[in-house]
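The two complexes that follow have subunit A in common; it is paired with subunit B in the first and with subunit C in the second.
Presenting the complex of A and B:
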């Protein structure tokens, strides 16, 4: 293992205040193409916040610090950040954390190796500074605007919120994994309608930071992959006050090769499923859901329509059915498989995967994951064609409706997850194994 | 390393589910016919997957093994048959890694007569510091008010020692001389023994035979104030030096007497509820809730930081000391028609045979164990319905090798069968080929799967471990109904103690508006109103309802 310091080390490179009300942290790794804009936006955002140009809901910042947690970039990312910060680099605090040789071989879906260790170091740095609010921004984002800083910090500093989740503008076809699984599952489990819980940015209060640092999660293998989801779940399940902040578009530069869908599913859905076991006493008590307030005005954005080959998605589903049906019988009841069988023969225009069936499928896989009916990686990968089938079905239903209609359709899906939650609870409490 | 739970939650034992096991009986890794720590480590995943949170190990210390290890000859080591101290450390680490706490035995009332302390004592001069480690007398007519516990094997609590030329005091077998707690050096020795194991990371001690620590003329020599003073001193020592470690008292006494072992929350954290166990068996056999309700109503309140330890069966006989003579007669007739099954004042049988191997009765009685106020203790093998062998002498019939599979020696050991420390159970009903872990893991409707589900379900609701208990009083006495409450949680438990279908009307008017949700299937039942709530229960059925107030 190579290390540039202990996981808890947080040292200032230049003399600066040892306490601050607000810390804005940038997590970076080989982001030289974007880090300059990100740093400049952070600098501007903090300047506007401190001189009152930007609204913090009435709050004003006396002292702030910028934290940089770089994962060992070899392209000059930290230097570029310092240049972009200009005089503000005097308040820059570079936080360091241990890195391991294997980090680069096992890159999570967000493309940042050792992200959990980076976040832990950031939170420890913020805690050391005694901040009231801490904002975390990914250094690879191309669309960061100065307004993101007050948008993520303001609800904490003035609104009394503990966790501010970005709400990014997305085309109905975009973020399908979140819309089809993460959001409805998260909402049904924890009872909060947090629409994008897996993103890499957030604003957090001092008490939330403290709770995160006190949690027994940081050294778990699963944390290295899904720490962002875990943080959101921790906030939702821990009784913290949540809100969303509309930030507009989020685009980012790709770090290395993009992950294939199967691997992304394994990482994202696996993280959610892995978290279920530890929070069972919370989510089994939750009934229904409450909305999460959206604080701020959504910026005007123009969303391009991605090209999607729906017939290809359907064909992938059908191929998956033929190849993986046997695997599915380990975790899905015969009724669900028979229902899926009916989709093999319908013409593409009439291809529909019912919401309640899809909710039960996701719940079945959650239970199969818990019971280890198959190697977990194999099980989750076998979800891929089912997800593609759901995606095809959803696109066919929303492609001719306005964006608000697409939102309503996702709301309908989320309600189905809530309605079917007793199915998950009952099977979780008294598992029925379909094969032994 | 200690797991986060016991390291950070001082009340961890209140939510625990304990699995009791003898190392020698669990799994033999070195193929010498005796279970060992290496074997136990191999099987820890099984224990963790069962859902229990704590392992209680029966004595594993060096010992002549005349009382299955409760005759300790060295408090700071591991019996070579079970491995080494390093093996124990590895086990402890592996258990903590799996989120399991570990409780070990602290047998402080007596030692083996082979302990160095006793060897020195009997050889030392009367009145010398060495001699004073034990209780001596030149007559066997002292403390005549103390009963003899092992009536089947001992005729006196005094035994003449030819070397010392004095009688020594023993409340149990004559090879187990009692330590002398009137000598402060003894307590200091015990504290050092505790330091040794707590330093390694054990999470608690089961304090064996605690009522008998001190003797006084003209008394029963049980539950004396001086004994409580010793226990308070032990507790104070542990708390000051080793926070969050737990002390569990073995005090086979009536509830009012056991209550004293909790002190004001400054003595033992936990104590067994001995009288409850036979009355659960009695209630099930009588098909009448009265014995159970009566004993629970006699059970005094205990300090908030304390907890009852509940069990159905353990490594000893089903003790009938804490019942009336009439109740004992009933229990003998009901559960041990074969005199071979009787030992001392009890019945040496496992749970499944006591229940006639009736699956629904086994489930029912476990449902009571897991829903009554206290920390449940499962005796190894009862989760698969293991049987016993009452012909093995003493209590060895309930200490036979764990039945892992249908392979040779039940998968317990690869040694020649003749080398096993005990014969395997081989009868056609409970034999290892019919009852074993491997088969029950594969069979999803097995008792093992049922137990896992019930354990995990119980863990979901702190009302079971920490909640209050309130009995309902329906006319039909074959039905036992009670409510558990903790913070916002309200749980209704209803059990049919009989072999036939029973109707019951429950007065739940105070809970009008709640929706009972049957916990196992998460099924909504009709909303509770002002009228009596009507239920029908099949033979030995039990329901656990989570009462939800909808629209909150």
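Presenting the complex of A and C:
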């Protein structure tokens, strides 16, 4: 990764009060439909936290600030936020950050242009305020509740945690890219069972904020896309104290047209693979994994079952095998290709992609990404049919089991990634054995 | 009379001997130049191969997408390919320089015309190499993109894009070295016109059933499975 050379300094408006215990930051861009609810929820959450209504481990917040980092909305988002905050807008601090002409052209999967610069400005603002905890919320979320603020800030202020990751309730079919690649790979690499490391919200301690600001990730090429994942990896690899907070459902207001699966996969998996290259000395020493405590009670939610055409997924895998097999041989050993060949003829009901095979495939692609056996964009896009095959296999295994059973199935997959990790380590160290 | 004959024979012999004497140094120079160029070619090949190997050139070439794993490549090592190219360049240049040393009009003209042609040959070779790499890159991108869009005829699309680009590169290269300019123009006109005409006729007349079945099949292909799923 090379530096873009862009300036990353934040120009924070100086607050009237220079210190606060908690900063809640809202990152927004053309979110006029949702920002009102988000701001109102933040205001209520802070009120509950300051008058002791909400649990913060027995403490209440004396002083808090709200930060708004808007990416140049042209739909009146900042005005709408100020209106929704009402009297609380007195504690609002608007932070600005440099924007580049190309921000809107390179659309990230999370739909937030200049995400890294926004986050950096927020963290610099929080650091200036000298807060003990900083919570970041996205202005495009439809389901923010006041309880999210104490849930993300409480473990930092009273529990001594450095990084609080939200744990959103999701249907077993949803978030498959996270469940099938990001989580198990992240867990195997960094040794922590952080289940949703790519989400855009988090709570962080002053110590973590300082470490983030010192990190050299802000100006890297893919920072605007992968910064959330990299910050989670930084917390996991940096020895910080991590926990998860159950927040219920997260639905998002879509900014513009959604990306196709191939591009999403390139961005998400690519940024994770890029992170691997920068933390070799950390992940090669990690063995096994430790659980991350879940702080708080999960709210009751009803999850809708998404419509999925499993046979269509299997057909996509088969088409991929027929046409992309030659490309896969650049990164996968012959044995894996032969194992995949066996899946071509099985009937859909018996279609199963073994966990250890899937783990090796992901590791092979990580290594291929590192060695640039193909242009990286081509390599990652060619993973799409394999991912769809894995997804079909997973759905067939969990569709008739309760949600706990689906979670257990993902746990089994994550264990396979941990068991196969020596495969990655050995090939990473001795790449000449690659493709044998 | 015999004296006259003897004189003519002597003069002829003298002219032949003079010619041979004048020609022989050129041949010797040609042989020396050839020997030196052979020697230089092998030394250059050895030095370049060693240098590129020590610089791990093959790996860097792969990293920037300049892999020699091309369909038309004779070797799997870019270093070896470059070393061989340099070796043959030395040999050919040695031969051409040697030919100019001969005291003969035709070889000299041939050599000089080749020298005049050389920049065009280099440019044509570069066009072919860049065109070949670009065709391969685009062909692979089209293949992967089409598969991810669940298009059954992804391979056909990929090959079409790849060969179209390669043919354009080949035509540009041939045009640069001045081979069949008008024929090329005509051939391309006929080719593209023919393709468009064939598609029009296929749709309108003979293959309308096949085309309608193909369109129907495409429409019946499984709908994008990511439509209702949030993957991240």
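FYI, the second predicted complex is superposed on the first by the 415 of 436 C-alpha atoms of A that agree within 3 Å, B and C clash if a C-alpha of one lies under 4 Å from a C-alpha of the other, contacts with A are read in each partner's own complex, and residues count from 1 in each chain.
Following the convention adopted for this analysis, a residue touches a chain if its C-beta (ideal position, glycine included) is under 8 Å from a C-beta of that chain, and two chains touch if they have at least 3 such contacts.
In this text, all values refer to a predicted model and were calculated from it rather than measured experimentally.
**Student:** In the superposed model, does subunit B or subunit C contact more residues of subunit A?
**Tutor:** Subunit A has more residues touched by C than by the other partner.
**Student:** Per the contact definition in the header, classify A:118: touching subunit B only (first), subunit C only (second), both, or neither.
**Tutor:** neither
**Student:** Quick check for you: in the superposed arrangement, does A:262 touch first (subunit B), second (subunit C), both or neither?
**Tutor:** A:262: touches subunit C, not subunit B.
**Student:** Using the superposition on chain A described above, determine whether A:432 touches subunit B (first), subunit C (second), both, or neither.
**Tutor:** After superposing on A, A:432 lies in contact with subunit B but is clear of subunit C.
**Student:** Show me the residue ranges of subunit A that touch subunit B in the complex, using the header's touch definition.
**Tutor:** 216, 280-281, 284, 287, 422, 425-426, 429-433, 436
**Student:** For subunit B, which residues are in contact with subunit A within the complex?
**Tutor:** Subunit B residues touching subunit A: 4, 442-444, 453, 456-457, 459-460, 462, 519-523, 548, 550.
**Student:** Report the residues of subunit A in contact with subunit C in the complex, numbered from low to high.
**Tutor:** Residues 109-110, 173-178, 198, 260-262, 264-265, 268, 306-309, 311-313, 315-316, 319-320, 323-324, 327, 371-375, 377-378, 381-382, 384-385, 388, 391.
**Student:** Show me the residue ranges of subunit C that touch subunit A in the complex, using the header's touch definition.
**Tutor:** Those in contact with subunit A are residues 59, 62-63, 65, 137, 140-141, 143-148, 150, 152, 154-155, 221-232.
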